[in-house]
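Two complexes are shown next, each including subunit A; its partner changes from subunit B in the first to subunit C in the second.
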Partner chain A sequence: MKIYSLTIFSTENDAVVNLAGEHDLSGFGFFQRNSVQEFLTFFSKTVAERTKPGQRQSVEENNYVFYAYSRTEGLAGIMICDNEYPQRVAFSLLNKILDEFLIKFPRDKWIPQSIVFPELKNYLIKYQDPKQADQIVKVQTQLDETKLVMNKTIETLLQRGEKLEDLIDRSQEISFQSKAFYKQAKKTNSCCSIS
Partner chain B sequence: MSLKDRTSEFHSAVESIRSRSISQTGGFKARNNLEHRRPLLDNHSNSNGKIINGTNGMNKSEFARMAGAIGNDINIMATKLQKLTKLAKRKTLFDDRPVEISELTYIIKQDIAKLNKQIALLQQYVRDHKKNNTQANEHSSNVVVMLQSKLANTSMNFKDVLEIRTQNMKASKDRREQFMFSNNQQANITEANSPLYNTQKRNEQNNKDFLALDMSTGQAQQLQLMERQDNYIESRATAIESIESTIAELGNIFQQLAQMVSEQRETVQRIDANTDDIQMHVEGAQKELLKYYASISSNRWLLIKIFAVIIFFFLVFVLVT
Partner chain C sequence: MIGEYHLDFIPFEDDLLSLELDYTFKELYLDGDYTSIYYAARALMKLQTLFGLFPRVLGKGDCAKHLADMLLRMRREVAVDDPSSTLVVSQNIDSLIIIDRSVDLITPLCTQLTYEGLIDEVFSIRASHVEVDSSIVGPAPQKSAVGAPTSTSTTTTTTPSQPPPQPQAKKKKIALNSGDKLFAQLRDMNFAVVGSVLNRVAKRINDDYEGRHQAKTVAQIREFINKLGGLQSEHQSLRTHTGIAEEIMGVTVTPEFNKSLEVQQNLVAGVDVNTQNDCIEEMINRQVPLVQVLRLLSLQSLVNGGLKQKNFEFFKKEILQTYGFEHLQTLLNLEKLNMFVKQVSTRNPYANIRKSLRLIVDEVEENNPHDISYVYSGYAPLSVRLLQCVVTKGDNGIRNNGWKGYEDVLRMLPGKTFDEVQRKEDSVIRPKRLIQGQQPRVTLIFFLGGCTYTEISAIRFLAQQDDGQREFVIATTQITNGNSLLNSIMQKTEHPGVTAGTL
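Up next, the complex of A and B:
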């Protein structure tokens, strides 16, 4: 599962303006990259135009999925990934990005060319593997691993139980034999004198 | 014709029949019959000055009444459970009625809890009113046990039905996803007008519509009947719920682990005791052997000395003669 691009648009005044965007085009051949990037930006803009504020959408087309989240403050975030990417993680990522963007750049700074938002790139790279990045999924995977480990532990414990029972039997046998040994020694000691 | 007062004969006949019916039917029915007969008898007995188990009788009928009510409730709940089973077994994709099923589940759960309380009350009642008649006590405890086992059976069935329901839900979800996915792979399938869809399904939580745009040109749009409107927040909620259940399971596993370890502690203690015994015995045996060894060696010395003395005397005698 891969993320291909992340873009942020401003949607006020009925004109969608691209504010910041990052792409990961390593899957495409070198000569196609330019055109692919143009396509991606064009499609992102189209989807952003069609997304009403305060709404989340997802569009699927030929193995690519566009996740759109439009906020009422006039920002829209579009994410393009393949169809395996889990939806919940996608939307939580969009949420996070838009929140950070809002904190960092208040409204008056929304001029397309002057925005430098390096975190976008970091997020793009980090969230390529949703299992690691998303909190909920990470916790779930860790819990599953722990459950597996616990099951193995219980199995080991059962084996330990068996061995302990074996030990009990053996120690009991030794106890009996040592007692016999003691009695025998006592017998040879107390009996008639040696001639 | 003189009027003969045969009430005493009537009473004795009733007594004999009563004892006979108790031994015959063995419980419920007899008590119910008794219930019917008792008011008459009481009136008669009171009017005659004879009191036949006055207070005890009231207790018995009270118990029978409570037990009968509980049995009735259990039967009603069993019918509800049957209905739920029928609903849960349906495997259609669309006609699923989740609201009804969840309502019914809720009602049945509440009923089970109420019946549990009632049976506990009944048990308490039985314990408080223990009489001298041991057979009656045994009977009441048997009745309580039977009601409890009936309730337990019903709750087991309920649990099975819930499991079946979750499996069916999962299967239908998979089938639905298959359907949707195969639909989306066809490029011609487009969705209804997005504005129309939005106005239909909008609520305060941000809706997520599932639309497939045809990228070449806008073509004719058809409604996708088999879409599932997944809510982002709902999916988060389910994910977190699953995490919570996993954590609960883990807690359970830990508890089991602790229990098994504590069980094994007793075993370890036995081994410990055995080894202590072994050590004690072996030490004692070693002491004995040392003593023995000491005695043997000292015996030898004694023997040698004795022999030396004898030989000495022998030599003396030989030399003298």
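Up next, the complex of A and C:
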């Protein structure tokens, strides 16, 4: 699974303006890259225009999936990846970069040419492997590993000491006959009584 | 500045107090030394200052009467010494019932058949602790040779580097009290049902352990881990009690034990005396520990009003020749205590007592007993039957009617009978009628001269029967059994060969 591009647009004033964007075109042949990049940018812009503020959506086109997240602050983040990339991870990534962007660049700084946002590149690289990067997935895998270790520990703990099966068998053997005698005595001596 | 610390009652359980005075039986009834009565009175007086005067003091037995008189006198002394102190009548305790050991010597001579009772007979419980071989409570030493020593169950694990260690013969002290939930469940039950209870508990713990396979989410796993600690200690407790029960079973399956039990049960049921004498003679020939022989002979003497002259002389001779001439003193002591005497008249009150108090109960349901006789599998402790006379509802619907209706039986038993009401100044205290929703009444029963674990179990059984209307608190000078009772009056010397043994 791959992320091809991450772009941030400003959606104010009904005009979608590209603020920052990064692309990973290593999967494409050298001569195709330019046209692919144009194509991706164009598509991103279109999707951003069509995404209402506060809305998340995903668009599928051939093998590509466009994840769009438009925020009410007037920002929209578009991510283009292949169809294997997990949706939840995609949206959490978009959320993250938009948060960081907002913190770093307040509204008055949204001038397209002057924005330097190196984190975008970092994220693009980092999130190529969703398992490594995504917190939730990481925690889930750790959890599964821990559960396995836990189960193994419990098993070994219970093996120590006397097995319960032994105790079950031994306690079955314990018996005690105590009341035979009174009845016996009564039967054999019902006629006599000692004063 | 020197003061005196009065260590009176030691609480063993919520319902059990003991003075732990080991020699009261010998002192009171053989030596005529009434010091322990003073200590008992002082302890009971302390209870009265804490909880209020006992509205009613009843009892049976000469020493019991002494104790009651001493209590009343102490109360007057307190009023004189400290006129400002006002002792009010107790709100919770409704009566004190004092039972003299000499009134019922039959009960301690019989082999106890409850779980705790048998532990006492076989291992001898001292201050709620027993000392047993550590192999009973821990895993077999061979298994734990390699690797870290196992949990704290044994004190004998050797260092891991050694090859399989030799089985250790060390002892381990185990606490036996209601803190151990499994023990609390087992202690008062007849030993016949202990095996099946242990089995049930083992299966239940096993199922709980299997629950770990159901734990999928983190929350479930955490829940299981939390339960695990409790399950492990239950497992250890199960291990301990299974071991102890097996040891006891090792004793109860022996023909010696069963023969002794048969003789006891026949004697108490009043059956076939002559055959019992043959059995006892055989035991002496086999050199069974003297204390066991004496338990049976005393039992016979008590339930038959003595032995026939020729039997008496015969056993006396046999005992002296088999166990040593120092036991002439032992036999004289028993005679003085009226526990091993020649029959003087054929009139024997025991048969009547047995009938009126219904001491022998044929149908005994050990799993779900309906009567206190389950503690001896068919014999109801005489002392507890007397207690039942007092506390069960009388014909006029009033509980705690005192000894009314049972005067005949009481006359047949040795010792004075008394029933006193403690007055506050000049007003008379009437026993309060229990209103719905009020706290249950507490009846304090005091055994002067010792009480057995079976008597304690029987009283607890009574408490359960009463729908929670009445609670019993048992107080005693000490906890005793047939062995300790007789050992205290047996003559001791260094004698190679036969010594006074257990059971």
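One rule holds in what follows: the second predicted complex is superposed on the first by the 146 of 195 C-alpha atoms of A that agree within 3 Å, B and C clash if a C-alpha of one lies under 4 Å from a C-alpha of the other, contacts with A are read in each partner's own complex, and residues count from 1 in each chain.
Rule of thumb we're sticking to: contacts are C-beta pairs under 8 Å (C-beta built on N, C-alpha and C of every residue); 3 or more make two chains touch, one makes a residue touch a chain.
Predicted model, so just to flag it, every value in this text is computed and none were measured.
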{"item": "Chain touching more of subunit A, residue-wise (subunit B, subunit C)", "value": "B"}
{"item": "Contacts of A:Phe42 with subunit B and subunit C, given as first, second, both or neither", "value": "neither"}
{"item": "Touched partner set for A:Leu167, first subunit B, second subunit C, both or neither", "value": "both"}
{"item": "Doubly contacted residues of subunit A, that is, touched by subunit B and again by subunit C", "value": "143, 147, 150-151, 154, 157-158, 160-161, 164-165, 167-168, 171-172, 174-175, 178-179, 181-182, 185-186, 188-189, 193-194"}
{"item": "Residue numbers on subunit B that touch subunit A, as the complex places them", "value": "184, 187, 194, 198, 206-213, 215, 230, 232, 235-236, 239-240, 242-243, 246-247, 249-250, 253-254, 256-257, 260-261, 263-264, 267-268, 270-271, 274-275, 277-278, 281-282, 284-285, 288-289, 291-292, 295-296, 299"}
{"item": "Interface residues, subunit C side, partner subunit A - complex", "value": "113, 139, 150-151, 153, 190-192, 194-196, 198-199, 202-203, 205-206, 209, 212, 218, 221, 224-225, 228, 232, 235-236, 238-239, 242, 245-246, 249, 252, 261-262, 265-266, 269-273, 304, 346-348, 351, 360, 362, 364, 366, 377-378"}
{"item": "Subunit A residues touching subunit B - in the complex, by the definition given at the top", "value": "43, 50, 52, 54-62, 69, 87-88, 91-92, 136-137, 139-140, 143-144, 146-147, 150-151, 153-154, 157-158, 160-161, 164-165, 167-168, 171-172, 174-175, 178-179, 181-182, 184-186, 188-189, 193-194"}
{"item": "Complex contacts: residues of subunit A adjacent to subunit C", "value": "143, 147, 150-151, 154, 157-158, 160-162, 164-165, 167-168, 170-179, 181-183, 185-186, 188-189, 192-195"}
